[in-house]
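Structure provided below as structure tokens; questions to follow.
Chain nomenclature is as follows: A, B, C, D and E, assigned in order of appearance, with residue numbering initiated at 1 for each chain independently.
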Amino acid sequence: MSRLFRKSKTVGLPPGTVVYTGDKKAEKIKITLIDYDEKQFQEREIINIEECFPFKDKPSVTWINIDGIHETGIIEKIGKHFQVHPLLMEDVVSTGQRPKLEDFESYLFIVLKMLYFNQDGKTIEAEQLSLILGDNFLISFQEREGDIFNPVRELLRKAKGRIRKSGADYLAYTLIDAVVDNYFIILEKLGENLEDIEDELVTEPAAETLMDIHNMKREMIFLRKSVWPLREVISSLERGQSAVIKEPTLIYLKDVYDHTIQVMDTIETFRDMVSGMLDIYLSSISNKMNEIMKVLTIIATIFIPLTFIAGLYGMNFEYMPELSWKWGYFAIWIVMIVIGASMMLYFRRKRWL
Amino acid sequence: MSRLFRKSKTVGLPPGTVVYTGDKKAEKIKITLIDYDEKQFQEREIINIEECFPFKDKPSVTWINIDGIHETGIIEKIGKHFQVHPLLMEDVVSTGQRPKLEDFESYLFIVLKMLYFNQDGKTIEAEQLSLILGDNFLISFQEREGDIFNPVRELLRKAKGRIRKSGADYLAYTLIDAVVDNYFIILEKLGENLEDIEDELVTEPAAETLMDIHNMKREMIFLRKSVWPLREVISSLERGQSAVIKEPTLIYLKDVYDHTIQVMDTIETFRDMVSGMLDIYLSSISNKMNEIMKVLTIIATIFIPLTFIAGLYGMNFEYMPELSWKWGYFAIWIVMIVIGASMMLYFRRKRWL
Amino acid sequence: MSRLFRKSKTVGLPPGTVVYTGDKKAEKIKITLIDYDEKQFQEREIINIEECFPFKDKPSVTWINIDGIHETGIIEKIGKHFQVHPLLMEDVVSTGQRPKLEDFESYLFIVLKMLYFNQDGKTIEAEQLSLILGDNFLISFQEREGDIFNPVRELLRKAKGRIRKSGADYLAYTLIDAVVDNYFIILEKLGENLEDIEDELVTEPAAETLMDIHNMKREMIFLRKSVWPLREVISSLERGQSAVIKEPTLIYLKDVYDHTIQVMDTIETFRDMVSGMLDIYLSSISNKMNEIMKVLTIIATIFIPLTFIAGLYGMNFEYMPELSWKWGYFAIWIVMIVIGASMMLYFRRKRWL
Amino acid sequence: MSRLFRKSKTVGLPPGTVVYTGDKKAEKIKITLIDYDEKQFQEREIINIEECFPFKDKPSVTWINIDGIHETGIIEKIGKHFQVHPLLMEDVVSTGQRPKLEDFESYLFIVLKMLYFNQDGKTIEAEQLSLILGDNFLISFQEREGDIFNPVRELLRKAKGRIRKSGADYLAYTLIDAVVDNYFIILEKLGENLEDIEDELVTEPAAETLMDIHNMKREMIFLRKSVWPLREVISSLERGQSAVIKEPTLIYLKDVYDHTIQVMDTIETFRDMVSGMLDIYLSSISNKMNEIMKVLTIIATIFIPLTFIAGLYGMNFEYMPELSWKWGYFAIWIVMIVIGASMMLYFRRKRWL
Amino acid sequence: MSRLFRKSKTVGLPPGTVVYTGDKKAEKIKITLIDYDEKQFQEREIINIEECFPFKDKPSVTWINIDGIHETGIIEKIGKHFQVHPLLMEDVVSTGQRPKLEDFESYLFIVLKMLYFNQDGKTIEAEQLSLILGDNFLISFQEREGDIFNPVRELLRKAKGRIRKSGADYLAYTLIDAVVDNYFIILEKLGENLEDIEDELVTEPAAETLMDIHNMKREMIFLRKSVWPLREVISSLERGQSAVIKEPTLIYLKDVYDHTIQVMDTIETFRDMVSGMLDIYLSSISNKMNEIMKVLTIIATIFIPLTFIAGLYGMNFEYMPELSWKWGYFAIWIVMIVIGASMMLYFRRKRWL
């Protein structure tokens, strides 16, 4: 549940105070620096944050990636050196942000949600990714080390595609693209889940099916909340109003934008399907109740009158002429069979049998 | 289900990589070339894609139609020769696109969905149609060979109507019109389906009726998802902002736009009707339960008291004066008939009979 | 059902082909011509469509009314003579159009829906009315002869009000006003229907009530679909952007616009009420079930224990001391009466009685 | 019900015909004239409408209030003298108007709904108030005499506040403010009603509760329909585009606008609450059914097996060893008590007891 | 309930009359004055409101906080001295306002809602906060003394952060930020409540669960009503159209705006979850009913036929051959066990057991 609302730890502190509000997800902050242009490429792990600072003024593209944001001291140092507004650094470590874009002329601040599907609990987990994109540098903050960006690093190392020939804005695009592409994997998982639930519904709906539907619904709410604002973010980027984003990158951003729309479209489709499943579940419960009632009613309405007749001739009145008839017992069997059979016919005509 | 979300095969590849994400629907790619102007007309099947290239710079209108998009090499070659952005060629072969329009000044890129109604499963199947529309050429990519465009070819061969006198933009309009007209056939099929379900609902709603309603709902979701973005696409075309679309074609595009609105209108109407049917189904289940309960209650409430009376005089107490009365048995029959009859009256007054 | 979607007869034909898609509603096309200005008035039935053509260039206002649109030859002739775009003539005879307005500078093309309430089936029937409004002429196409425009003809004949002093635009307004005023009659009929259903709901809801509610809902969907786009049409007219509409007519169009809004308002209100009725119907079914269950439960829970007691003393054990007690039978009656009475008390306390 | 749609009495008449469409609510038209400026004040009842006419050209503010609009002759005379468009005079007497504002440069035409709460039927009744606001005169038309405007008259007589120092626009504001303030009284009544229904729901929901909820819903629909368009009306006034409204009055109109938003806000809140109540009602019915079923099931499942056992030993087989056992009867009692008690335990464990 | 609509006490009074419409929440009005700039700071409690007046024209920032608004005389005096429009002073004491912003060039008038969570009744309570923000002064009106602003006072006293170096606009921002931060605490409480309800739903849904869900829903409606208009207020502030708000404060207001969006996002998420819970509650009731019916049906359908057989051989016919068979009683036991067992098998196959 706590995924769904921001913790209020900073209440009462002056604005701009950098306080980490998430759970501590990584043991130690890990900083990696990649610096490249068309001709050269270097990649190394950084121990002391000050090592990055000289790269700020080099013309080559510098990507500083920070895994783990709980050591707020380091975060603040970076912020100060790259002259980023303290409110933004507060946002970086406050993990309940919505995806958003802020434009400070000389740099852009972008917040995204990276999503992971937890197969055990069939829940989606979110991690906050903050990007600070300047003319020739990109700083990315993740809550913990992940593998979504490995293919990007691979492209950089092998100088595949346009990436080494392009600037920091194209690098930012590649990261955003990786994040959005990852949403499709989540959707595929959810889609398989939906198929499983639909199968259950057709064969044997149980009380757990209801809980599964409910869980799907909750994950969908969570997913939607994480993706919805992204549309606006990428749309703003793609419209090319920022000086940091160069013109050739715009068409790529338009492509990511299309993907985001596809993700949202699919989420809406899934929502519609989940709510349709709930309707089916509810009416299948009603159908089951109907079936139970039918069995009860058939048995009861056949045997209650017969039992009455048996009870009738179990009475101990001294004067009951039928009892002494020779064929009385036989006749009563006939009567009972006729009653039972006509009941059966009645139920067949009503299509209960 | 897999119709409803895009496969994520391209995750991790550099953008612009042309990877086919659909199922392989055609055996072999089939390329047909039609070249015409008011005076001449030629049509031939192409084996080697390079044969098309000389037509690029001829003033006559050239229509290259490619059935089958799984041989990505050919697709890439065309893209390169006609100087189309690699991201678009990626979109051509990635079959989970939403309908969309992209304007690159010298050419337009249009993605549409062609829909087929599969009579067996009562499902709608979609196929992606991508159009690249230049000043004097039109390249169309289909997933497999279809017959929707045959009437267009016929018009071209017989030089009927305006088509041979008009440019590539009018040809594109004719194709889009054929696609949209085909939606009406789908709607007619769905409408007949709806009528069948409504009849079932009135005569004999069964558990299958519920599944039919559910399926209709899912098809409607799918249909809507395919058609909804089309509105925006055609509206952009019709507003005439692109240089590729000539002024006389605009009124025809306005006509297709009206048709698209009609399609969406009908989809919305069908959705409303399907949700109304679900309500009726649910309350007809409740009505049925009521009827079952009535039968049970009538039988039980009539015979339970009578059985009690019979049980009463089946007791073996030594001193039970009624048992030795001469008219005791007769009297008990009277009592029972009175009780039964008054029960019947009660039920009649309650209108249960 | 077929009211709800356009037939697809024109699929595969070149655009602009005039093909009638409705059912044949009139035996023969009937053409009437009315020509008037402030001083003169003539009205006559036309056999040969060419008789109308000279009126095109007269300064007086000419109203050509065509009842029946299945003889497409005549329609095409008119279209050609008045230089109307062939696509529009296709729209005139294609009866599944949405209400729409198209502005061709020298003339306006308006499509409306005339609605009739069929008292038998309690359904609404629609007929398409197409208007071609030029500077000094108005051509109206109806599917069959109707009486909605008779009051307008009467006003013209008797030169009542402003109508003979005004131009063709005011005549068009008068026709649109007649169509919209007719919607209020439909709404009144539907309103009476709603009142009947509400009365049924309060007194004796039956399975037919559900079907009545369902039918009302469907008619409302149909009505909405016919009226909703009209708002936009009249709003465009009233904004006075067309040269064909003269300034003094605008205030009258504003008045029709207000009426259209009122119609839509009432439709929305009715929709809300119908959906409220469904809720009531469903809960009245539940209430009825509750009542049935109560009767069953009261009878069963009173008599089942008593029958058990009677059965107890109907056992044939040799040693059962109670059976030989002198007041045994009397005592068992007391016990039974006490049990029955306390059950009754229990039910009264639970307010089931 | 007839509150909810406009009567169609004017169908077929030329536009601008003044026909009263409401019920006759007042015996006789009552006309009062108030004329004032900062220094003088006169108020008198008018018998002959012509008495008002000289005031038209006086610089002092003149308020002509007409209670009763069924004598259309008088209405038409006023309209002609004050040069008001005949269509407006038709609107004045046609009581099914939506709230609206029309700006004719030299005067404004405003239609509002005055609402009264009818305590008997717990229904809201509406009355149409039409205002014609000129530079120095205000004409108000009510369907019957009411007391909402008495405080305004009192302010005028006693020269309290700004009213005597301000123009006709401020007077119009004061009337509109009185009408909107009156809505809060309606909301308070409805709020009390809602509280009563909520109390009933918690203590003892009955079938009448459902009807109460339904009635509330209908009143809310009616209220919404009356108030919703008002927002636009006052918003247009407050934006100060009309020359008739002087600048110092704008801030007061902004205040009324805020009140209107508050009214609509509260209506939406009430709607949400009513729909929540319906959910509760429905599930409380289900809960009740559950309770009934539990009682039936407990009694039946305890006694049906016991009755079977009793029946078993009531059989008349010649060879039944148990019957002749000395402790047979006693043993059977033990068996029955054990069965009954274990049933009770089972129900307790299931928390049905 | 009365939280949800404005009291109508001012009906009939001239506009601008300052009448307190809330409940009397504080014993005595408490006025505190804080005056500061970068160098000096003074804070004192004020007995006589006139003491504040000299600070109006000092260049230092003056914050006058008034706790308690029921002594309307004092409120009016402040309004007059600071030249605030009387309508605003009426708004200050009329506690049913929606959050709003009014811009009077030389000062801004802002109304907010401070919310408190009442742990006992699990209800949210609202208090109105009105701010009058001038170039160098801020007047705040609260309904009673609260502790939300204590951290702000602390920041001022200790000259922490930017606050002492900034103007009155930054002070206003700090107060608004404190109010919005407090909403997160409310959301956390509601989130915990939601988790409790979800737990109840999974383990043991009772009738109280329904009431809890209903209460959550009502609180959500109330919360939404209080927060929704705030978005517009802060958005207007943040767009920087007022001269009172200086440019450096805008980025801080943007930050509060983001927080407000987060609050509304979470409210929407909670609403979705609550409505999902209602669905689960309803279907868990149905499931329970199913289970009860199953128990009844199993017991009844097993024993009713057996009881019939026992009744059969309890009949007293003279000629019943089975009764005298030696193994008759034994045989009947066999028959009964077979019937019972096959019933059990049937139920097992239907998965009722």
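Just so it is clear, a residue touches a chain if its C-beta (ideal position, glycine included) is under 8 Å from a C-beta of that chain, and two chains touch if they have at least 3 such contacts.
All values derive from a computational prediction rather than experimental measurement.
Undergrad: Identify the chains in contact with subunit A as well as subunit E, in label order.
TA: none
Undergrad: Given that subunit C and subunit D are copies of one sequence and touch, is their interface built from the same residue numbers on both sides (over half shared) or different ones?
TA: Different; most numbers are used by only one of subunit C and subunit D.
Undergrad: How big is the rotation relating subunit B to subunit C when the fit is done on Cα atoms? Please round to the nearest 5 degrees.
TA: The C-alpha superposition of subunit B onto subunit C needs 70 degrees.
Undergrad: Mind checking the centre-to-centre distance between subunit D and subunit E? Centres are C-alpha means, answer in whole Å.
TA: 26
Undergrad: Where the CA atoms of subunit A average out and where those of subunit D average out, how many Å apart are those spots?
TA: Once rounded, the distance between the two centres reads 42 Å.
Undergrad: Mind pulling the residue numbers of subunit C that touch at least two other chains?
TA: As it turns out, subunit C has residues touching two or more other chains at 282, 286, 289, 293, 296, 300, 304, 307, 311, 314-316, 320.
Undergrad: With subunit D as the start and subunit E right after it, run through the chains round the ring.
TA: D, E, A, B, C
Undergrad: Would you mind writing out the residues of subunit A in touch with subunit E in their complex?
TA: Touching subunit E from subunit A are residues 1-2, 4-8, 10-16, 85, 87, 96-98, 100, 102, 204, 207, 210-211, 214, 217-218, 221-222, 225, 278, 281-282, 285-286, 288-289, 292-293, 295-296, 299-300, 303-304, 306-307, 310-311, 313-316, 320, 322-324, 326, 328-329, 332.
Undergrad: Okay, in this complex, where on subunit A does subunit B touch?
TA: 151, 155, 160-163, 174, 177-178, 181-182, 184-185, 187-188, 191, 194-195, 198, 202, 251-252, 254-255, 258, 261-262, 265-266, 269-270, 272-273, 276, 279-280, 282-284, 286-287, 289-290, 293-294, 296-297, 300-301, 304-305, 307-308, 311-312, 314-320, 351-352
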